Amino acid sequence: MNTTLRAAIVGSTGYGGVELIRFLIGHPKVQITSVISSSSSGERLSDGFPHLSEIITDTLDAVDIPLIADKADVVFTATPHGVSAKLVPQLLEAGLKVIDLSGDFRLKDGAVYEKWYKHAPADEALLAQAVYGLSEVFGDQVEGNDFVSNPGCYPTATLLGLIPAVSAGWIDPKSIIIDAKSGVSGAGRGTSLTAHYAEINENFKAYKVNKHQHTPEIEQVLSLVAGEPVTVTFTTHLVPMTRGIMSTMYATLNGTHTEAELVELYRQYYEGRRFVRVREAGVWPATKEVYGSNYCDIGFSVDERTGRVTIISVIDNIVKGAAGQAIQNLNIMMGWDETLGLSLTPVYP
Amino acid sequence: MNTTLRAAIVGSTGYGGVELIRFLIGHPKVQITSVISSSSSGERLSDGFPHLSEIITDTLDAVDIPLIADKADVVFTATPHGVSAKLVPQLLEAGLKVIDLSGDFRLKDGAVYEKWYKHAPADEALLAQAVYGLSEVFGDQVEGNDFVSNPGCYPTATLLGLIPAVSAGWIDPKSIIIDAKSGVSGAGRGTSLTAHYAEINENFKAYKVNKHQHTPEIEQVLSLVAGEPVTVTFTTHLVPMTRGIMSTMYATLNGTHTEAELVELYRQYYEGRRFVRVREAGVWPATKEVYGSNYCDIGFSVDERTGRVTIISVIDNIVKGAAGQAIQNLNIMMGWDETLGLSLTPVYP
Amino acid sequence: MNTTLRAAIVGSTGYGGVELIRFLIGHPKVQITSVISSSSSGERLSDGFPHLSEIITDTLDAVDIPLIADKADVVFTATPHGVSAKLVPQLLEAGLKVIDLSGDFRLKDGAVYEKWYKHAPADEALLAQAVYGLSEVFGDQVEGNDFVSNPGCYPTATLLGLIPAVSAGWIDPKSIIIDAKSGVSGAGRGTSLTAHYAEINENFKAYKVNKHQHTPEIEQVLSLVAGEPVTVTFTTHLVPMTRGIMSTMYATLNGTHTEAELVELYRQYYEGRRFVRVREAGVWPATKEVYGSNYCDIGFSVDERTGRVTIISVIDNIVKGAAGQAIQNLNIMMGWDETLGLSLTPVYP
Amino acid sequence: MNTTLRAAIVGSTGYGGVELIRFLIGHPKVQITSVISSSSSGERLSDGFPHLSEIITDTLDAVDIPLIADKADVVFTATPHGVSAKLVPQLLEAGLKVIDLSGDFRLKDGAVYEKWYKHAPADEALLAQAVYGLSEVFGDQVEGNDFVSNPGCYPTATLLGLIPAVSAGWIDPKSIIIDAKSGVSGAGRGTSLTAHYAEINENFKAYKVNKHQHTPEIEQVLSLVAGEPVTVTFTTHLVPMTRGIMSTMYATLNGTHTEAELVELYRQYYEGRRFVRVREAGVWPATKEVYGSNYCDIGFSVDERTGRVTIISVIDNIVKGAAGQAIQNLNIMMGWDETLGLSLTPVYP
């Protein structure tokens, strides 16, 4: 009996797409059977991405639902916001399992989506159906399901860093301030002045301050965990580097908790989940320590003078913040070990 | 009558020292008469810094008080913490004007210094005598004085970004959270694993979280401005770039204030001070926009949802955060136009 | 008598344009009277370049010949290849002095231009009239002339590194191999995948190998100097940095010459020319040592084993390779000291 | 029957050492049984390299021959020049297989070693015994042998790029000029001003021009292949990036050969060797296309005007230039598929 699952990737010429390919090539139970691009169909994938020369020799397929349904069992949609909302229903209709990497199915409330994304929201029934795939927190809902909405990069780093403390009632949800920093690959492969080398190299800049579309995603989950509406302050910055996100989070402690107690709380919360690594008290992770891997590393600093805790969480935005977690969700969906195909050690230095 | 002031620079082989040289070379009223280094005396400065070839042909002098007194009228001490505390008294004793770039004379309370710097504090009388040279705020105290303690890089960016709002009572001082980021040149020229290229390139890391020695410096000034003791949360990060500091500051607004009102408040506060540029409402500065220059640029984002304001302030850490502000203080001290020698346009890109 | 020369800059929103502005602001005999952009006229220059906030408050003018003739005495055309060929004749016709930073007037032979640039060549008479402004070599032709074609960035670094040796007959012109490397700002401000941050950061790549349009420019000058047709091997690479060009040049020595002799030969050739600095024997310059300045630094390594010399020449591509040399040519054209407005020390680190 | 080979790594706290670990962790036939460091024994490896947290929990062993012999079957010595010469004989004596990553056993002539390395050479008999492990060229000698001297990073990129053409007699060995560029990780983890972030970021510099110790290694192999003594011109540069080497090579063609013919020649030469990828005619590889992987990618440009060919070869200096090729040699040594444990796709972007 052949246990290999056939996977198609829509958006194979984006950074999320090629990263899915990098990991799926080594996945023991998955075979890539179709790499798809609406803009470059008919071309060889490796012509645009020579690092894949002689590794993937496939030609890019067009976005053709019957063809996808014929070739694949599961589809990763690494498509822009607005595109997934239209494409995913057809893929589900065709009986395919879908893991969507866009923001189109993350927010349960279409009105909120429309406000922050400036797009028409997806179908309400599908919004309700989509499971929010923050693997370590909602993995039990992912298992056995056919449709997962993969979390955003910033929310992944931020939520994994906040949920255990919020859940335990150790921090005041109203006090949460999130100062996030991302490498430039998060802006995607589409050229723009923002991602133009000479503009961002040797430069550090803030963007979408208090306006980033990941804000309601973070608030939706924190509200659920806290059992009350949570509103956060959320700032995003661009770092002159390619990969990596750091979320530096500030909150007022409810009562007194030491760093050692926080370490213990988090280690218990993430017990058995290999991709979250909680640093020892007084040690903070750096983005390079998860480079190219699916890890999320977390550290703490409690300041007795102010009664606040600073929580630092890092991920590789393209891996745990996109392609890696998508594959982790596939593994969970299928009832497999969640680490299949993802056991790559961070690249250092 | 020759109006040229003769300047000596102790610590000429550090990044602050060579930056003082870069600006003083073009200063119309100052002449560099002695470049001094305790470790490299006798060598030609340009052998270690070939970018100065044929520009400065001087040999480095040793730290010799009578020689300095003979050669110079004013001394910039770009020396490490602990060294200035011992050196500056001798220079003042010798009748020299002194602008100290170390942290040794910034904190008025020697016990606080000792706690955060882990060094014995400087002489109490001198701590009292030193004027804290945040030029745009304490310039009137600098004028006519002979001894200025130049502010730290993080405090400069942070205080210029907070003081007008704190002073006006528009933000709650108890709510202040400062998330600061610096280029690696801030770590100086001494080699260490922290500043080792392969360790910091493509890496973003936090350090000294809640423990940075600039914390009490920020608190000392904010307390003075607020008229009550202020304790802040202060986090520092290293950005993979050479120059630049961004301070992203969060505070709860007292009442309702729009971004436009904040812009107006700050523009009035800094009226006539060329080196602070307040961006229009909704525009945030990036570090590259002040690269190599003495500017401090500031922008705002008010979030009505949370009642908080995010203030973003950027400087070049080696210029406005060190050498540039030191020269600005010399100008003010001497009663000159504060911009003399400092009118360089930021280098972009 | 007002001795201020009025200058207009066509292409003010490109990197060459804003660099012209950075230097001209400090020029004692020049005033910028019009900043011009075909694509952004009517907008404030500092809206697109916030580093110029409160420094230049001008609105961008359109490309309007009578207006330029009314406002300016000299025009810098920092325009793309193909555009200058059409624009410059009109400016000259209007009685303006012109310094053209494009490649349109560098090659004397229109057919060669067409072959390498894939554009129709400029008017033959104008090609003959244009003086090739390699300041240290052809400055005597620039003086008193009204129309200068400013050299390309690679040719500037390369020719200054080769001409003294070729001129003296110390190297075999047929043996010359040029391995050149440039920072990414050389690709300009137009967005493209080549200059997309995530594609070029942590990447080193060759481009246009044996096909770069600066090849015939180098050959034209070397042939002139050598007194015989010279064909070179020329390779260009992109370095993950913003500014700087290094040209590493290889040639077979005619007879035996030591590094010290080469240093002496070059120092004599460039006697009195401040912007060329010849390093001592066995010391090679790095691009950062000329960062943001108009210097060209040169060093040598003679290998007795092979009978070849390696010559290393560095410039800042936007300064000595574009805007800085253009101003140097203006100075020479006007009979002024060639260093006016250009005496900025390299920014280090 | 247990087929797992037990491996020890001396020099586990260097960049070569941790890269060996990154790959060996995923090797199906090897188990790391001892990580060794002379300077940090007794410490946990992951304390110094937090990216390995929860992946490797081992404490570092001292360099203790009997202990190594007890724990391991094969030893990788990622030790500095001069150290291996003394250590390797003891390891071989103890019956261990050895793959040495230093330069101590690459040169067959001890006098040449002494001249270029300024160290006393290793024992003559061992120099004769060591197999030079350029896998694709000398793999047949590696197979079944117990002692391999792993090639240097620059020689690997350079020799793989030159050998097929030299071997076929298509280029003139006397004309070879090699312009090589390396990321900064090649300088190792020991701190120095050369690898200090602020000194090398935004900087491009040459070093050891005509004096690099890899010169005789390249010449030794080319002489062997050419059947005559070959002397090359070899220049090395530092690129502001962490990983990657590009070797740009110039040579005069013997007769006429097109790029397509060169592609064909090289593809035949490397037939069946997965880690060399020859690009199509007119396409040149970039270092990022092999980032984090064991590939060596090669491209060509023939210039009919000069009769020269430009050959461009790229590797990841820490992988194919060190740890990866070392494991490839182990695989060949053991008679295994040479790709075992090395099938990682390059990390892009």
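Letters are used for the chains, namely A, B, C and D, taken in the order the chains are written, and counting of residues starts over at 1 for each.
In the analysis below, contacts are C-beta pairs under 8 Å (C-beta built on N, C-alpha and C of every residue); 3 or more make two chains touch, one makes a residue touch a chain.
These numbers were taken from a predicted model, which means no experiment stands behind them.
Asker: Let me spell it out: compute each chain's centre from its C-alpha atoms, then which one is farthest from subunit C's centre?
Answerer: Following the centroid criterion, the farthest chain would be A.
Asker: Across the interfaces A-C and A-D, which one involves more C-beta pairs in contact?
Answerer: Pair with more contacting C-beta pairs, A-C versus A-D: A-D.
Asker: Could you tell me the distance, in whole angstrom, between the mean C-alpha positions of subunit A and subunit B?
Answerer: 39
Asker: Quick check: how many Å separate the C-alpha centres of subunit A and subunit D?
Answerer: Subunit A and subunit D have C-alpha centres separated by 36 Å.
Asker: Return the distance between the CA-based centres of subunit A and subunit C, expressed in whole Å.
Answerer: Taking the mean C-alpha position of each chain, the two centres sit 46 Å apart.
Asker: Among the residues of subunit B, pick out those that touch two or more other chains and give their numbers.
Answerer: Each of 15, 183, 185, 198, 201-202, 240-243, 285-286, 288, 291, 349 in subunit B touches at least two other chains.
Asker: Looking at the complex, which residues from subunit D come into contact with subunit A?
Answerer: Interface residues on subunit D, with respect to subunit A: 15, 18, 21-22, 25-26, 49-55, 185, 201-202, 242-243, 274, 277, 279, 283, 285-286, 288-293, 297, 343-349.
Asker: Provide the residue numbers of subunit B that touch subunit D in the complex, in ascending order.
Answerer: 15, 183-185, 187, 189, 191-193, 195-198, 200-202, 240-242
Asker: Can you check the complex and tell me which residues of subunit B touch subunit A?
Answerer: 177, 179, 181, 183, 198-199, 201-207, 209-211, 231-233, 235, 237, 239-244, 246, 248, 250, 284-288, 291, 301-303, 305-306, 308, 310, 312, 314, 349
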